[in-house]
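For reference, the structures are reproduced in the following blocks.
In the two complexes below, chain A is the common chain; its partner is chain B in one and chain C in the other.
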Partner chain A sequence: METKENGEDEQQVVNPWKVDAKDGGKIDYDKLIDQFGCQRLDQSLVNRVHRLTSRPPHVFLRRGVFFAHRDFNEILDAYEKGEKFYLYTGRGPSSEALHLGHLIPFMFTKYLQDAFKVPLVIQLTDDEKCMWKNLAVEESQRLARENAKDIIACGFDITRTFIFSDFDYVGGAFYKNMVKVGKCVTYNKVVGIFGFTGEDHIGKVSFPPVQAVPSFPSSFPHLFSGQDNLRCLIPCAIDQDPYFRMTRDVAPRIGYHKPALIEASFFPALQGETGKMSASDPNSAIYVTDSAKDIGSKINKFAFSGGRDSIEKHRELGANLEVDIPIKYLRFFLEDDSELDYIEKEYGAGRMLTGEVKQRLIQVLTEIVERHCRARAAVTDEMVDAFMAVRPLPNMFN
Partner chain B sequence: MGFSKEQLLARLKELQIDFSQYDHPVVLTAKYVGHLGGGISKNLFLKDKKSRFYIVSALAETKVDLKVLSVRLGLGKGGLRMAPEEALGEILQVPLGCVTPLSLVNESARNVSLLLDQRFKSQEFCFFHPLSNDMSISLNTNGLDKFLKSIERDPSYVDLEANPSVGKDQPPDLASLVPSNSLVLPDPPETPASSKGRTENKVSVGNKSTTSTAITSKPSINAQDRPANITDVGKMVDDLLDMTSSLLLKEITENFKEHGEELGEVLSKKIKSRLAAELHSTIMMFKNTAYTEGFHAGVNHHPKRTY
Partner chain C sequence: METKENGEDEQQVVNPWKVDAKDGGKIDYDKLIDQFGCQRLDQSLVNRVHRLTSRPPHVFLRRGVFFAHRDFNEILDAYEKGEKFYLYTGRGPSSEALHLGHLIPFMFTKYLQDAFKVPLVIQLTDDEKCMWKNLAVEESQRLARENAKDIIACGFDITRTFIFSDFDYVGGAFYKNMVKVGKCVTYNKVVGIFGFTGEDHIGKVSFPPVQAVPSFPSSFPHLFSGQDNLRCLIPCAIDQDPYFRMTRDVAPRIGYHKPALIEASFFPALQGETGKMSASDPNSAIYVTDSAKDIGSKINKFAFSGGRDSIEKHRELGANLEVDIPIKYLRFFLEDDSELDYIEKEYGAGRMLTGEVKQRLIQVLTEIVERHCRARAAVTDEMVDAFMAVRPLPNMFN
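Up next, the complex of A and B:
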């Protein structure tokens, strides 16, 4: 079936380097699922996760933040039979400033690691940022290490986690797989998937295999030697889907399982769905370095509200929950389902005011950011070295 | 202990680096060697808000603007100050008035970043203090580079007078020279303005800032003894019990009227859900720190003697 592979449509554009909704509107996720050809993550799968892990599913699953998947049910089938899998996620270290949106895949991956008791590899694509953002090699390596500290602060278990940067790790078995993958993807195909042009340099064109091969256990001989059959699950934001469509296409041709994917929707900017979260606008997002005061003032001043212009109108019509940012953020971060339901009901009916909702949000976010800050302060360079050391992980499935 | 002047000179000779030495009374200015030709160095020992240290070594005539350097290093405006007097002795292990790139030979200075004036290269030789200010030695840049490489440092020559614009698309050009040391202390309370007179090697006196302010009322980690704190089991148990009992008291007073007999059960549920994330984070950090310390020990351990 001919789908437009690089996510281009007359309307919305979604690929690893560009996310644009139609005419400045919202991203249509149903259409995206259709376009990409992945599956909706429905309630029955969420219930299945609950059963298999004997613990309540993560808030992101309950609220549909992670809403799409490829072959997640196969991973669960195998898991039920006693077959393990490993997790693979990553970050492109393009800036030192991390905001909450950046943390979302990592928070979810940590939950998966704990719930299923499986190992995790985290790829820092310093080479990619060096090429796409024109950073010096040393600077991208430095950013990778700095970002690693924030990632570690999300609470990953060092006895089951391997963090690596491309500049450090590419070579050996990893590179052999890169060449195998490269041989299976024509130039035309990669142009079709990623939209490269004749003006793009060859570094970019040959990058895709780097992000593909961590899906194959043989890329990590120090971890998975002798386990060529081990499956891989990739939690990521849905804009990364093109990389892994390519990978899934190639995998059976070189004798590996197709990696499974579990995909998240985008985290909205403070100014609303149509706004863009950008590193250069500190008021478009909540950063992990923000103080309680900053968080308070950002939410109060910049969070786009669905409340009405006047109190009377608000009491009459209720808030517009579709565009209200504080409600959307609470959907991501307020753990208590019954409290969220209550707030949505009261706010939607106009009995609760925007100020109260924002207050609650500020509390929730401050707790998260402060906890992250404390954990971050405990991360030393030695700890980063240990997470990034090429070492065996003997208890990774315990 | 730090290197002595004699040890340093002996090391330079070992490395076959040419230099000439001039003894003179201890002074804070260059009045005794000003007539000898060559370039006089002025050396600044600087500190940023995250307590990372820098030596900026420049020709006396080069204008060094700390505000510009701060932005070029990616520290924002006003991120660089003169380091306090105590740091000179603690980190560089040299006396007052004696900041010199040669002090990087000391282990204690291993995380200090060095910025060298590229104008040194146009000089036949330059004068530096060899760890004490009763002598100056003249070295050319080849000699200096050779010495730095011998202590595993990369000589970084920088156009100190340049003022490139820094913004979204132009990252700070000197950002790679910021040390990535392990200790990240919280922002110290503001030190009084450092004295502006910048004669060679003068280091201003600032208030030593050792107190770290607790960020929240929850048990915070004092960064200075951070690793010890985290693996201190007794302290962790105390902190966790404190957290639990204060939450308990708060919830009792809030919920007493509402729940009456069922108070116990309601509270127990609340406590479990509110504390779970906190406990998890703390204990995971504990595990990771313990592993890291073990790993470090393993990497550095001396194998058993078999003879």
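Up next, the complex of A and C:
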């Protein structure tokens, strides 16, 4: 079967704007690793993170949510030798309310920041969403600030974190790097990577350098002046890989390290694991704005069950964990390994029913969402301004 | 014969990067007006400028150097009703020393600024030259500042003039407008206008919005805040028309007037009128850095003459003024209409010889170049900083 660099073939399409396993199948992550040319994040790397940071690896790491990488081992080599690095992640602010899938890279990035004690830049691509979703500039900027509140609510350390919106920040050293990147990438190349067509507008064609350049320390002169050798690690969902494949091609040609990546699979929709959750169907996802009641009814009504049609059959065959959404969600969010093992064993053997598993999931998610809501309610406009101020970060490498 | 929107056919090619009358012919300006769809600047418009400004029209206007326009009449209509406008011109800083052809738009723009008493923005596209000429960012910026000195030496009024380099100024409202323009123009469209190919890099594809947005007053919030209805007039050589054809397409869709244009023909090379002067052949042009001796020897040695092979034949037939470069140069720079008439008549009748005409031209050009050099020597780095400071313009509309 022909595999294309842009992540599309007869079975699936994965790019920054579309994730779709055709014919309702599952995303084939092994194939994606092959197509994109990244590496599998194996147990030895997880163990190494454990050893280097002296703390248990995050549940997303030990359960394979972050399953692929590029040069993460080199980041760890450098770190082991006493070199620091910085983290870069981001969000396209296309919707007011985030769902749990949106939070995953940020929860994981917070863990990395705490574990490695490194600075973090977070890009809000309001320019991208203005172009792709045809939002007004002002509406994109408003959404960027709203989303910043949810991001800040994940607990980032203000002394180590710089959040910026493209509409506010593009210019100066950042723009110079955009031009340097643009010079190194032909139109044919971006067509190969992103699948643009001649009917796409040139705003889209101009955008990949904007997402590329936060990978280069000189784009942040207020943070990394004179540190052009600083390495960058990007935690993101794997649909963003095309941007950074392009970035890694260009980096050595303009004098920088290739950014390293640590890449997540998609958080499945309530209806089943055929892609990632969709902001356009509110019943496909749990939102951080959902009430306890919403969460209960969505899980009970929509979460696809691997349980059997009748209790008798369920007791006999056990649940099909391969397709069961409550189990998959618990694997993301139930931190206690032994409890998860127990539930998987009992449910898989038919001794536990779907209703019981769903009740436990509702508890877990309600707790996470309520904690997030409390944290977000405490985020003031002044805090957003403070995180987004162009300033030195006092505890950057402490 | 097929005519293309991008100004290329079997006979000639005219675009921002190439001006070439094939087979050594002349540029056919009438055809260019047809292809590009602009209007001829006729005598009635010149008379109107005379009446409205109460001063004699500039020699470039009354002798047809600026020969084409788009909506210049609407600018004059608005001006007549008491509305103001602003001027926008620019330069791609690709070479250290400017030649006389480079100065023409600036000399004319200074006249327009003085005659209409309006503000002026001058864009130095150091980003463009960094991309097209493959210059380093720093070298492009250095050239931009050097060129700014030559531009300032043309006598612009600092209380009405803002000069900016793209590398310094892109960002904020300017970048937002770039995104708005980019959203309105498909890749196919820029291919039609500029002739880009798939092997061109995306930096080039991204650039047209950068040259477009100074046409919109909101790109300069420190100058034109709250004046989104302000009209813009762009004096430029006609090879820049493609950028502004695109800009005029987009303008009404994002809430602005279409910029008006007033467009110049090309200053011919010393060797003959087959294109514009070339920075890559120093003997094709008179540079503002040339000494009196350089000017004398270049004119005597290289200026293509319409005089006849022998004195006898010259006295009999007269000079062929249609191909004579000294006469063409005098038409640009000898301000005295009656003296020019006299020389044309005597030379055309064979009573004046090429050597005499060249001597007069050498005088005229030496005076212009020496005046320019004195003015440029007086331009300090502090003055460049002052012209390029992001600031209100105190006498903008006085």
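Methods note: the second predicted complex is superposed on the first by the 392 of 398 C-alpha atoms of A that agree within 3 Å, B and C clash if a C-alpha of one lies under 4 Å from a C-alpha of the other, contacts with A are read in each partner's own complex, and residues count from 1 in each chain.
To be clear about the criterion, a residue touches a chain if its C-beta (ideal position, glycine included) is under 8 Å from a C-beta of that chain, and two chains touch if they have at least 3 such contacts.
What you see is a predicted model, and the numbers here were worked out from it, not measured in a lab.
K.L.:
Please indicate which partner A:230 is in contact with in the superposed arrangement: first for chain B, second for chain C, both, or neither.
P.N.:
neither
K.L.:
In the superposed arrangement, which partner chain does A:357 touch: chain B (first), chain C (second), both, or neither?
P.N.:
Neither: A:357 stays clear of chain B and chain C.
K.L.:
What is the contact status of A:196 with respect to chain B (first) and chain C (second): first, second, both, or neither?
P.N.:
Touch partner of A:196: chain C, not chain B.
K.L.:
Of the two partner chains, chain B (first) and chain C (second), which one does A:180 touch, if any: first, second, both, or neither?
P.N.:
second
K.L.:
With both complexes overlaid on chain A, does A:381 touch chain B (first), chain C (second), both or neither?
P.N.:
first
K.L.:
Where does A:155 make contact in the superposed view: on chain B (first), on chain C (second), on both, or on neither?
P.N.:
Only chain B; A:155 stays clear of chain C.
K.L.:
Answer with first, second, both or neither: which of chain B and chain C does A:262 touch in the superposed model?
P.N.:
In the superposition, A:262 touches no partner, neither chain B nor chain C.
K.L.:
Under the contact definition given at the top, report the residues of chain A touching chain B in one complex and chain C in the other.
P.N.:
On chain A, the chain B and chain C contacts do not overlap at all.
K.L.:
Taking the touch rule as given, give the residues of chain B at its contact with chain A in the complex, in rising order.
P.N.:
168, 171, 175-176, 178, 180-182, 184, 186, 215-216, 218, 220-221, 223, 226-227, 230, 273, 277-278, 280-281, 284-285, 287-289, 291-293, 295-296, 299
K.L.:
Please output the residues of chain C touching chain A within their complex, sorted ascending.
P.N.:
It is residues 127, 130-131, 134, 137, 166-172, 175-176, 179-191, 196-206, 208-209 of chain C that touch chain A.
K.L.:
Within their complex, state which residues of chain A touch chain B.
P.N.:
135-136, 138-139, 142, 145-146, 152, 155-159, 279-280, 292, 335-336, 370-371, 373-375, 377-378, 380-383, 385-386, 389, 391
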